[in-house]
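Notes follow the structure.
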Amino acid sequence: MSRTNKLKILNDPIYGFITIPNTLIFDIIEHPYFQRLRRISQMGLSNMVYPGAHHTRFHHAIGCMYLMQKAVAVLRSKDIVISDEEEQGLYLAILLHDLGHGPFSHALEHFFMDSMTHEDLSLFFMKALNNVFDGALDLAIRIFTNKYPRKFLYQLISSQLDMDRLDYLKRDSFYTGVVEGSINSDRLIAMLHVVDDELVIEQKGVYSIEKFLLSRRFMYWQVYFHKTGLLAEQLLLRVLQRARFLIQEGVPISASKNLYYFLEGSTFDKTDTKSFLDQFSDLDDYDVWAAIKEWQAHQDYVLASLSQMIIKRKLPKIELSDQVFSEDYKQKIIYKMKTLEGIDEKSLPYFFFEGSIQNRAYNTEFGPIKVLLKDGTVKEWLEVDTQFKSSALLEAQKKYFLCYPKDL
Amino acid sequence: MSRTNKLKILNDPIYGFITIPNTLIFDIIEHPYFQRLRRISQMGLSNMVYPGAHHTRFHHAIGCMYLMQKAVAVLRSKDIVISDEEEQGLYLAILLHDLGHGPFSHALEHFFMDSMTHEDLSLFFMKALNNVFDGALDLAIRIFTNKYPRKFLYQLISSQLDMDRLDYLKRDSFYTGVVEGSINSDRLIAMLHVVDDELVIEQKGVYSIEKFLLSRRFMYWQVYFHKTGLLAEQLLLRVLQRARFLIQEGVPISASKNLYYFLEGSTFDKTDTKSFLDQFSDLDDYDVWAAIKEWQAHQDYVLASLSQMIIKRKLPKIELSDQVFSEDYKQKIIYKMKTLEGIDEKSLPYFFFEGSIQNRAYNTEFGPIKVLLKDGTVKEWLEVDTQFKSSALLEAQKKYFLCYPKDL
Amino acid sequence: MSRTNKLKILNDPIYGFITIPNTLIFDIIEHPYFQRLRRISQMGLSNMVYPGAHHTRFHHAIGCMYLMQKAVAVLRSKDIVISDEEEQGLYLAILLHDLGHGPFSHALEHFFMDSMTHEDLSLFFMKALNNVFDGALDLAIRIFTNKYPRKFLYQLISSQLDMDRLDYLKRDSFYTGVVEGSINSDRLIAMLHVVDDELVIEQKGVYSIEKFLLSRRFMYWQVYFHKTGLLAEQLLLRVLQRARFLIQEGVPISASKNLYYFLEGSTFDKTDTKSFLDQFSDLDDYDVWAAIKEWQAHQDYVLASLSQMIIKRKLPKIELSDQVFSEDYKQKIIYKMKTLEGIDEKSLPYFFFEGSIQNRAYNTEFGPIKVLLKDGTVKEWLEVDTQFKSSALLEAQKKYFLCYPKDL
Amino acid sequence: MSRTNKLKILNDPIYGFITIPNTLIFDIIEHPYFQRLRRISQMGLSNMVYPGAHHTRFHHAIGCMYLMQKAVAVLRSKDIVISDEEEQGLYLAILLHDLGHGPFSHALEHFFMDSMTHEDLSLFFMKALNNVFDGALDLAIRIFTNKYPRKFLYQLISSQLDMDRLDYLKRDSFYTGVVEGSINSDRLIAMLHVVDDELVIEQKGVYSIEKFLLSRRFMYWQVYFHKTGLLAEQLLLRVLQRARFLIQEGVPISASKNLYYFLEGSTFDKTDTKSFLDQFSDLDDYDVWAAIKEWQAHQDYVLASLSQMIIKRKLPKIELSDQVFSEDYKQKIIYKMKTLEGIDEKSLPYFFFEGSIQNRAYNTEFGPIKVLLKDGTVKEWLEVDTQFKSSALLEAQKKYFLCYPKDL
């Protein structure tokens, strides 16, 4: 294929056109490891609440690269030197940062990957691709693992203002139709600067930072933690846990080969990452959907009824509260549930369960946000314009949920 | 559930909020026949070209109902009497008009449904739901089948300016990011009127009609017939045809029960529609995706390699032309193909095939568009303001395509 | 003119189409008192910073009426009875609520109207129109002055969640391009309800309220108080004060008749409101612009140079600070200024001045925002979901500004 | 001022952020010749029909520069060499291309400039600025006057697909809310290429060209020629003609100095362009508005009543027709008019007048649109994909209008 044919542009309803900058990136996008992201939904089961939210990790990754292109152009216009190799490293690192996501993204992350995070797995994928492409990802990997001396490159990939967050907030807000969550990625990027190899925001962007953090918090509580989506994902997790349990018990279960491999509990073998990655890269939302559809007719009551709840959208009840649910309250519900068909001591945890959700708007675990003042000094955002700062942005907010059958 | 809880609103990135008008409609939306539309992609495989286009028939159907609510309000404001029963009938008819769509919507319509159209099947579904809901859909069915005397109600469901077209053009344009295809549904609806029980457009809307027809033509040629999407759908069809062929030959094929049922070639039995509908309503995109994923490793070369092409997005070549491809040209390609591994006389039609696509912008098969002139008379659109009328809108445009392996 | 001709629709880039609901409202919109709003810019001189912000009070007033139409529809769908007369009253009251705005809206409010607010003057205009239209505005006036027993009608016109705020935030955000200020008016209106004749927001809207208040605060500090716009408006005020001073000194000044009338300091005469209103309704931005343009060549140094600053956009310096500027700091500047041509003790206050700006996000002066909990009780917003509440929303934020010549 | 302070960004509701690329361009934007465009409305009196259309030539010019920045980036990505000087020349030429527009843009072009077009005058302004900025505009002027050898640079400034058209269609569509007129400037620019120093569009953009031409035609007939806006502008012209006539008759007329200068009929003196330009650059919409407002009370019946029609929006009747109005029809109207107060043989032409409007969608006077085919050859657009080409795009469409008092 000629060079010109690979200089493709992609339509994006949000950004207009996205240009694929060169043939290496084109070839990596064409690789099955990356193409698989077309079959991983960005927002898990949120589309059960927000019917527009069917977008994929594929589109998100491409969108991140687009924002990175903008960020590079802005920084260069401010005389920050970024070499062509560093630029390429940034594009590759952000493009591939989510390669390790499994079916339904975060919803099932711990089920399929044990103690590994999707970032860990992304790194293994990047290394595997680096072999395929003869070391072309060396610098990208160094940036991604924060081993490259110029720290701001890493911060563009992973920090409180990284291109990942800028894209997913804008994109998820767009596809859900929850306009309150929309952020001004253009403005935030226009305010980026670099001082002492660290990413900073120019002072005139201080309000925009607060606005960004608040939009993010809004999206968490209104969308990502929406109780119906949360509930559906909890059910999904329990369906798969039940399937795994049944396999361990020797009960026959139909599932695609890849899915079965992971249901059996096959784990990551550091001596043979290649075969694990190949297996994992064949796993996507469709395997899970197809299995759940079949399981609706399975003889196991628990497996069948949980599967039906998801497919037919006959969801149980979920309660949210600022406080932990009292033992007394829970025992009353359990007492009533015992009269229901199919529920006994063993099956109870599949139909009655609780948990918590938590989010911190400004989270210094990811490093502080720094502001470049007009006088040339740099301060942490919290110390600038303090009268506007909301303490609520700093504290973790937490809610508890409790799920049990309707019509008790 | 109380009445209030069912007065839900749904987020739509296009229209903002959509209100579900009453409990009957809420209950029908909750029915598994309708919930299934969540798993039927609106645009087949167009998302292989336009990565944002993952929206579903579910969202489209709800969107159509929203536009119908607007249309009813506009017409009533112009003193057109529409009774509450007629209003309800309109909402139900438009909501359910696509219930008969199978996996990937139009792409596989003829494979799964033989000579039946999706509209035929929608009607069977509506009748089945009418039984469930004790005759509440009687009037909707009369409108849908054009047996209700007030013809404009049918025209709101099915005509050149029906709510279906208004929604799908706007929605598909939105999710693909192809802004040129966007139409002003607001304006078109605002211009609706009724004269002698027929739907008309007020004169000041004449330019908008032309704009609408041109946007529709644009979407056909630029999006729905985009050569990559077209190609992917042609491959999808051939994968399934091959699977059906192998089953007839007695070769074992893995597939979900529902899909297998249809691959075996089970056809519609008018004496037992219920069981057919139940089977069909279990069939969706996920069955097909899961099957193709498995088939990638099938021993049959044709089945495996076509499946891989789709999943790994390694598509063959497609040529488009205004003219029929010459026999000579085709023979030269076939001659070269004969040297390729796995291709012989019998497998050739799976790797070398042709066809045509065709569209007419203004199509009186669906009835003319009528315009209410300022002097109160009604004329066919073609006769109004004729100097602007493009003959190209009236003629069918046709293109031919030819597909064969790359790198010959 | 026939009834049909008056059922006009207006294009709005934000809402699409706005329908004028009946002939009375059409006639009032056509009245010169209302048409004048076409010549009053909505955002004063903000377009000197945000070049898109040239929209007018006319468009805002129409937009408010559109949102009111939506609010009435939402409330009625929740079985709140609103009579046709009340509906009409709401439309008229919101349409005319800004009729009393003078040139450049808030920027010059106190210069032209002394101690009267624009709301006071709006009321006089409404009464005058009520005479013209034979008492048709009786109910509108009762609602506007909060003398109608059903309090929620007044709250739709004037409260922390009134249709005025919903429109101006959305509209100003749209035309400035400051997307962070955009609010989801659709969602907020969808959440409206009425309990005990008071406006409330349903519980699921609590996050939206916070988002709305924060967007409003953002617009104040980023847009309405943008230092360049603020500066330009301060200059504008001083130009006019100088002109008034010169007239009092007997210096000839060119100005349109209406403007001259107000420069002379003519004040509102309660015994002859009609002639005052007629005079005031002839006054708009154009009078002021035209005068300033002429004054650029006036012999008075102060008048001429301030006028030139605005027209040629050669603005002086403005500093913003969280603290009051120290006497010491100010004296140093004044000391340097004394060396500049044209500046002496008397002219100094026109070239060196200070002031403050202040805003409170959640302001109970306009009444609390009340929330309808899921259990049917009503609580003040501040008491609901308290962990999210930002103290910064409750306190007034204040900044100080100081203006003086550049290049000292 | 430091370099950094001049690297300003401007908010644009359409494009997001626009970056001013360097200090020369910043200084030119700050020049009073350019700042004056803030007071010239882009669309004349169209805001009398589309109340959102208050945007200015200032914003349009900046928007054109933004699109030019995109075009330069696209072409360079396709290995078209554009030197830094050429880039600068393009930005300056497009930024200043409308500097010669007078009040209300096209509406009064011929009244104020006699036989000169606004482009002629723009050139004089550019030359004057070139003096101020020591020859920095040399290359811009050569490009603007098509005297630079590389023709595609001129074509980016002036051709059927120039950045001017791309911006004004998008901008006017945006501010009027007429979404059907919106064009995909992103896509069109992405398709630009250069062959033999001529601008071409890549083949995959052929449908977009047609879509663009049709949107433009739509905007002409639906918006620019909207009968109410057209009528208001015709009245405006006649008000000014009457004022000029009265001055010639010796009747005292109030007007700002600049406006009076042009009403007296002062014409362009090639030996003293500087003083003409200074005078012209002081003239803007506000002079005209202020004058008309005063003239409402003038003793001359014609001047006063035409002025009132505009300010109070009490417009006469306008008829549009595909054919010339018959003499017979016109005589009947004139006969009735003779009975009206204030109308006699001499004043008649101010109250009864006719004219025509005309537009050609594809107009080769501005050069053909050329298409780069996939095989590398270049063809005129008309010869590509001919079955879609509408003859209506090639022919000039023409309409006739006739204006006379209402209520005859």
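Every chain is named by a letter (A, B, C and D) in the order it is written, and numbering of its residues begins at 1.
One rule holds for everything that comes next: a contact is a pair of C-beta atoms (placed from the backbone, for glycine too) under 8 Å apart; a residue touches a chain by one contact, two chains touch by 3 or more.
Computed from a predicted model, the values in this text were never measured in an experiment.
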item	value
Of all other chains, the one whose Cα centre sits farthest from chain D	A
Rounded Å distance, chain A centre to chain D centre (Cα mean)	49
Gap in Å, rounded to a whole number, between the CA centres of chain C and chain A	43
Distance from chain B to chain A - Cα centre to Cα centre, in angstrom	32
Residue numbers of chain D (touch at least two other chains)	16, 178, 187
Contact graph of the chains (line, ring, star, complete, other)	complete
In the complex with chain A, residue positions of chain B that touch it	10-14, 16, 30, 32, 35, 38-39, 47-48, 50-52, 54-56, 58-59, 62, 174-178, 256-257, 282, 284, 286-287, 289-290, 293-294, 297, 311-313
Of chain B, residues touching chain C in the complex	7, 9, 16-17, 19, 77, 186-187, 190
Footprint of chain D on chain B - complex, ascending	178-180, 182-184, 187, 207-208, 211, 214, 217-218, 221-222, 322, 385, 387-393, 395, 397
